[in-house]
Amino acid sequence: MPALANNELRIVGFLCNWCSYGGADTAGVARASQPTDLRIIRVPCSGRVDPLFVLKALLNGADGVLVSGCHPRDCHYGTGNFYARRRLEVLKRFLPILGIDPARFSYTWVSASEGQRWQKVVSRFTEEIHALGPAPRFEAVEPLAKACSWTQESKGPVSVISPELLEQLKKAIADKLPELDCVLGWQEGRDLLHSVPLFIRSEDDLTKLRCDATCHNNLVRYLPDLKGQKVGIIVRSCEARSVVQLLQEGLISREELVVFALPCQGLLDLPRLEEALGRYQRLEDLTLTETTLRLRVDGQERVFQTADFRQSRCEQCPGELPAIADQSFGDFSGQTASQTLPPELAFLDSLNLQERMGFWRACMERCILCHACRNSCPMCVCRDQCIAESREPHWQSAEASVKEKFFFQIIHALHLAGRCTGCGECQANCPVGLPIFALRAHLNRIVSELFDGYQAGCDPKAVPPLLTYSQEEAHIHERSWE
Amino acid sequence: MRIGVFICHCGSNIAGTVDCAQVAAKAALFPDVVYATDPMYTCAEPGQAAIEEAIHSHKLDGVVVASCSPRMHEPTFRKTVERAGLNPYMFEMANIREHVSWIGRDIEANTRKATELVRLAVEKLRHNRPLQAQEFPITRRVLIIGGGVAGIQAALDCADGGIPVVLVEREATIGGKMAKLDKTFPTVDCSACILGPKMVDVAQHPLITLYAHAEIEAISGYVGNFSVSIRQRTTYVDWSKCTGCGTCTEKCPSKKSYDHFNEGIAPTTAITIAFPQAIPKKAVINKDFCRQLNGKKCAVCAKVCPTGAIDFAMEDSFVTENVGSIVVATGYDLMDWTIYGQYGHGRYPDVITSLAYERLMNASGPTGGHIVRPSDGKEPKSVVFVQCVGSRDPAIGRPYCSGFCCMYTAKQAILTKDHIQDSQSYVFYMDIRAPGKMYDEFTRRAQEEYGTHYIRGRVSQIFPDGQGQLTVLGMDTLLGRPVEIKADLVVLAVGIEASRGARELAEKLRISYDAYGFFLESHVKLKPVETNTAGVFLAGVCQGAKDIPASVAQGSAAAAKVLTLFARETLASNPQIAQVTAKRCVGCGKCLRCCPFGAIKSSLVKGEEKAEVIATMCQGCGLCTATCPQGAIQLAHATDDHILAEVNALCRL
Amino acid sequence: MQLAYFPGCSAKGSSLDYELSTQAVMAALGITLKEIADWNCCGSTPAHAVSSLLSSALCARNLDLAARAGADLLATPCPSCLSNLKATSKRLEDASFRQKVNALLDAPCAETLPKTTSVMQAMAELVSLDELAQKAKLSLKGLKLVAYYGCLMSRPAELMQFEDPENPMLMERMLTALGAEMLDFPLKTACCGAAFGIPQRPLTAKNSGRILELAANLGADAIVTCCPLCQMNLDLRQAQAEKAMGRRFALPAPYYTQILGLALGLSPEDLGLAKLVVPMDGLLAKLTPKQAPLASEAPSSEVSE
Amino acid sequence: MSSDRFLAHTAIGDFLEGLVQTGYTVYCPQKEPGVRQSVIFAPWQKGLPISLEKATVAPKHLVLPQSEVLFRYSKHKESAEPAKQSLTLDANEIFTPTLLFASRPCDARGFAILDRPFLQGLFRDPYYARRREALCVVSLTCPSGCATCFCHWTGAGPSSPEGSDILMTEIAEGFVLQGITDKGKELLLASKLPEAGEKSQEATKARKAAWQSLSPVQDLSTAPQKLAEIFADQAFWSQATQACLACGACTYLCPTCYCFNITDESLDGENEQGVRLRSWDTCMAKQFTEEASGHNPRPDKAQRMRNRISHKFSSYPENWGSFSCSGCGRCVTHCPVGLDIREIVLKAIHAKTAQQNEKETS
Amino acid sequence: MMNKTLCLNSALPTKDSNAPNFSQKVAALSQQAIHTCYQCGNCSAGCPAAFAYDLQVNQIMRAVQLNQEDLALSAKSLWLCLGCATCSLRCPNAIDVARVMETLRHLARQQNKITVPVVEKFWLSFLNCLRAFGRSYEIGTMVLYMLRSLRLTTDLDLAPQALAKAKLGLLPHTHAGRAAVGRIFTRFAESEAQSKRDKEASSCN
């Protein structure tokens, strides 16, 4: 469609067929004059409105988007708008982190009899969008290559598993191994600093087991693919939360799982460590204590304080282990979450909306759409059916434009709303170092604010907040159109 | 595809503010559009014929009509394209009347907007595929909620038409408000004489199952197959044994119970039969006043009951009934007029409601039809009627007219004169609304033949003058003078409101209601008894103020709708339902968790768990589609691709 | 307990007895009234009849004085003063209006001004009915009274925030607690004719007359008042009302504070009873010493009805 | 006359600015901020800092963009006769001269590997050809190896000239630039840079030192044959790939991977119009080989990894005589689960074939 | 005035200067939705001064709705309104009728349409005393009023009782704020004069 003539702005409305579309009809029948900007898309129910439609519209040039459904409790389908209310509220609060003014999106309730209310809603919303003016276009915004320190004042040590404890664990696994198809752990990779996943199928494999602070892979990623097999897994607090989340969603079966739990004080941030190390050919030796990391590299001794290279996500780790362990090893006490924000989020918080959009724009120029973020995420359970790549439904063009790449990041983030257990694999595995964990951290913050401090993966019995509703929402307040 | 587009002028309704020819010219350029035109009236016979003709001559396989709201004519045009051999779902509508021409006068902007809405419809249609409805069997029984005159009429008409009826009444007797009336306007014939036989018919009809003193607990299911849980509220009397002999009510020592049926104008006993013609004629114990149930020794009723029907341990019980359709006829209640401090907050016994006045005049009422003042039992000589108490009063959030008060007030003024020859009645009114057959003549009679003084104005205050009478301060706006009347009795024509619990019932039925709790019809003119929930129909005042003849007519209309629905053994399901692409489904079950209808189940496909939609249960809300992260479950004709096509048509530049 | 206090002009003139009895009763209840220094007239009806701005400027000065004296609540016995003070607070929420008002004052008034209330409401807030009954020395048992609030105490309702505007019951609750029989008085918020006694006597005479007539018809021993102007119309101008209605009432119209004072055992002199034009002698004779604990008696009699 | 030229450290900006002035779009490695520092080839403008570190992502997008429009299509019709419509195609014709500065020999060698299928096969890809012709590659020789790279295993080394137009070698005060192709020599001759003179020897010394610092070479010559032999060894491939996440990081970072997908994407407008796009694809994704029927010849990641490695070390060499791997090591560095292509190839070389296994057991 | 046929069509020239926007003006000044009045008469029904009115409150509302400025502003009723707000309390359309009356009174004063001068005189007498003394001074008000209205016998019947009961303070209260109050009045008078000048200036343009 060509750009709009006159002073009209591009405003898209998603209206449920039964109430709000009828309300708009009622307003029409009453000849209630309204601004002409809004274009209405009729949907069966506000619950049908995937927040991604709203973002699609906003990224593709809409200046404002309005969703309107039946009043809570009046849904033609009973509960559709209860779900919509949660999802759309999360969406509204999510927009600012992308650099989109949340005032460009609103959702409300208008019944089929409320022609006057509809008139008021349309007039008011259109007025507000006009006050904001045309929306900045993501692809046209000035890229902002702003550097910041991603490190965080760390207070904690990193994990070192004592040889005795490791032996204890190995023995327990060896005992259990005969009844299991495999046990997931870690082993040394291309050198001593780089650990990789280990699939233990034999006593021989077991000898390679390693569980220290270099072991960053979230092994839970493999569990859904192993459904139908009896699998053991070694977890620390972060992995345990991922396990809980998958259990909640029924993607893995508790009966098929044996959970070996280890305490964890923190993990090493390898990308930063590599940066500090610089180019090297051979890593000859490694000694790790809770506070010091000694390396011999190309014949030279290098010493690092582990506190300087602790992963920032370990600062926010609640530490305690959700109640899912079959066997626990070591001492789990003494770890508490810091109240500080993840550095990525703190950085984005410090930017204004325009800067944030510019920042993401610059990031997306680097994104190569390798999908390492998605494929390493333990919660990305769509696997080969991701809507970012499917042709039916055709959510995304194959064009590698900044806009399409950004939309992919949005899909990934929004699909994690209320589900992300904060393991940080997405960001850790990005080859070009995009701080995409900020999107998830922000969503986790929203979910926590809206749903009484909810944190994904902490309670095996909880229902993820966006897959349920409550008739009265304590923290979601209907906006007034007066 | 080959798409035809029809831009309706709707006379001047659309063409007045939209350049329809230009919209059609633009539409012709849209992808896959091979024909575009702008007829005068698309929905009229020639308009529909033109669509059929165009489908044949242009070999169309999809049609877009841009006209009024699809909520109005979508079914009409679906039938039109079907007649021409297309699948009815290869049709889309653009609403360029209610959403465009009627809400703005800027022709340029409207034309642009209409063009874009047509573009949306075309883009949506391009993604449509023919859909086939499935036939499913239905339960040919009807639930009627509310046993007032509208519900009774609907029940009798349905039952006479051969459809088994389940009639649920909240009170202990059917009859509703009409059973309380003395006479009815404009004929002044006896209410009991015309309603009574119908009530008896209900009791005796073999196809009617009556649950009185019962309420709707829960409703599930969908048109053709509803499952209804009915709460049988405890009466403390085993009705299977009760013969309605009335011995208990004579002997009951608790004689100060509030008499709901008689609007509290006199006390009654704790165990009662509402009135002599009650259907069912069974006793009920008022728990609030029964001595036995309040820890005192009594049980007199149990002792005197010849059939041993009294059961103090009785509790609420539940019955489940399966029906295919529901008629809602829950009527109204009077608003709580005691919010009016200027009328004494209900402190003055001689200020009463019109419904109480009916009971005062009624020969079967506590006074045997003698009009007396509740305070002292004296016959009133000066009676003031105040209309619009709680009607047309925006200050208390009730701007609507209650519809029938003008008429019954005239009737009550006439009857007052009939009862007390030397009385003088005064009626304070704002406007007289008497548009029915013989209605205006009736209000004239009240003035001309019965000497009632009609005073145009509201009453500011009513208060006892300290000397046994009430002072009524009013205004005669025609005279331009305030007036003061010494009254013996003041009758308030109290406004109506939706029956208590109407909103909760609406939520159970998934139907809409307006700001005042009255249920919303599907179309205000053309579908006055239908609701937005298929198979649920409305009758009587629950939909909005109406008098007895209108309520009866609507009761019959609702029955006709039920009989039409049940004219077939099966119903066609809406094929616009969710469909699973098994390949994309990862079996996470998020759709199962969210589905409001339990219409998705998990089934094994090649050893893997996949979601499966139960076609006849899916109602097409699309919540599952919005929930499924991998887009594996798609609501037909509201798929992600449909909506994305619309979003893209609007937003992508 | 201390309460910032705005007496109003009548207190120093025509309703000196209201002032005396208010002071005495509050003292007896242990509440100190702290008069704001240097207050001025609220402007009464004439000021706002002429201009809202003038009226508000006069009131704003008083509110400002109270704010500067550290008060966050200001009580006044006079409903007319209270109405003007409250209307001013409301209007000052509008920034442009506030600017105009400030322009009339010597210096802009304080940003945060005290809330305002009637002495009656303040008393009810601070002293429970039980406490009141306990402090009583004499019983009002046998007295049939009607309470008369006048129009300004409760209107406009949103502004005054005083009970049910059609049927306030505060005086009834207080006096019932002290043993009096309070008759239902439908004209309790009707207008007495206000300040029109001077320029348009019939207005006042007829309206006061109607009120007095109903009270008399109901058999009241006295009509209890809370507004200086109403009291003057019902008492000083009772003869004019009698003339207008063509009958005699001889109905005392004391302030509620005077009745409370009597029950609390204060002397007629302390309460300025001598200033009442229609004497209260008959009523005084009916007072009896308190016997049973009245507080428990009063509510229980209510329940049994 | 030698075309060798000397480029002082301090003169880089002026040199590049001169190239920009002559119409080149100059791509340089630039450090980007992020949670992990990355070095990206991005268009250079005066004043922008230049990094000489090895880039995170290979520069293959200069010849094979992440996505490129092959052509645009649009349909036209008239209101009067909407059933009749015409179609216009509009191919992308604009290719600007591009200079890639400070890529590494392994990056440059990637271009040589891509050239064979795109330019030398049955079909000469016009889009690729035009971009390639417009490209001038200036490679910086490596001073040493690193922990993950292995160019010397694949038949090249830290100063291999293959694919480069100019090689530059860092010495004390700057770089010696040496023309490799005519294109490169002409560019140097036309430049205002001083002649390298004796500095050329210094550069040669530096290159030799680099060669000597490398780890021992592994012989991969038997890889094509061995990989062909164990092609059907499902157990081997399953074992080797069980940690694989099937993301595309390895292929997208690789200078030699050239799998692509072609899609039509509609663009909205008055008329029906759209673009035909060629965009990067990854053979590691399940969708890559998914057929319209739903059948997938490579349904699991083991088969896909087998394909990737066999292509690089077996089928490509069979067709073109060299590995389709320049040994840059990016796939090893950035694999989220540390899969190491070197390890898999070596394992394959040393794996026992099914026949051998049979022999042993018998 | 009351019995004259009203000309409702402003196109016809008429002596009654009926501002076409009068209704809107009153609505804006009073912040009340005048147009919602549907003439139920409840305001008049409860009005304690209705018996003395020449035009009932509802009739005044009607006059405003029909833009009958002269009719509305000439009503004596405006000056007889007791300000008790019973009308506002009882209005079914939640119009603050008392505020409309007060707005009309202010407008009438601005146009010098003071149809019951004694009432205004009483108010001005009161305000004069206030200006002078800072607090109201009953005897002073009375004396001033009697002089203004020439009603020298006002309330003389009450004098003996009032004096006997010492109901009226014979001397004005003395307090320090009187000067401050005087300044308020002075500034108010200046601002009134200024706005009048502004109005005249703008009407000249």
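Should a chain be cited, it is by its letter among A, B, C, D and E, assigned in written order, with residues numbered from 1 in that chain.
One rule holds for everything that comes next: a residue touches a chain if its C-beta (ideal position, glycine included) is under 8 Å from a C-beta of that chain, and two chains touch if they have at least 3 such contacts.
Just so you know, these numbers come straight off a predicted model, no measurement behind them.
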Labels of chains that are neighbours to chain A and to chain B: D
Required steps from chain A to chain E (each step between touching chains, minimum): 2
Chain whose Cα centroid lies at the greatest distance from that of chain C: D
Where chain C and chain D are represented by their mean Cα positions, the distance between them in whole Å: 93
Centroid distance [mean C-alpha coordinates] between chain E and chain B, Å: 50
For chain A paired with chain C, centre-to-centre distance based on mean C-alpha positions, whole Å: 65
Residue numbers of chain A (touch at least two other chains): 1-2
Multi-partner residues of chain C (each touching 2 or more other chains): 165-166
Overlap residues in chain B, where contacts from two or more other chains coincide: 342, 461, 583, 648-649, 652-653
Each pair of chains that touches, named by its two labels: A-B, A-D, B-C, B-D, B-E, C-E
Chain C contact footprint on chain B (complex, rising order): 340-342, 344-345, 347, 461, 463-467
Chain A contact footprint on chain D (complex, rising order): 32-38, 40, 42, 53-54, 56-57, 65-67, 144-148, 213, 215, 242-243, 245-249, 251-253, 261, 263, 265, 268-270, 275, 277, 279-280, 282, 285-287, 330, 332, 334, 336-340, 343
Chain B-facing residues of chain A, complex: 1-6, 8, 10, 12, 17-19, 21-22, 24-25, 27-29, 31-36, 39-45, 47-50, 53, 56-57, 60-62, 70, 73-80, 83, 87, 111-114, 119, 224, 249-251, 381-383, 385-387, 390, 392-395, 415, 463, 467-468
Touching residues (chain side chain E, partner chain C) in the complex: 48-49, 51-52, 80, 82-86, 88-89, 96, 98, 102, 105-106, 109, 116, 118-119, 121-124, 126-127, 130, 134-138, 142, 145, 149, 154-155, 157-158, 161-162, 165-169, 173, 175-178, 180-181, 183-185, 187-188, 191-192
Chain D partner contacts - residues on chain B that touch it in the complex: 2, 25-26, 28-36, 58, 583, 648-649, 652-653
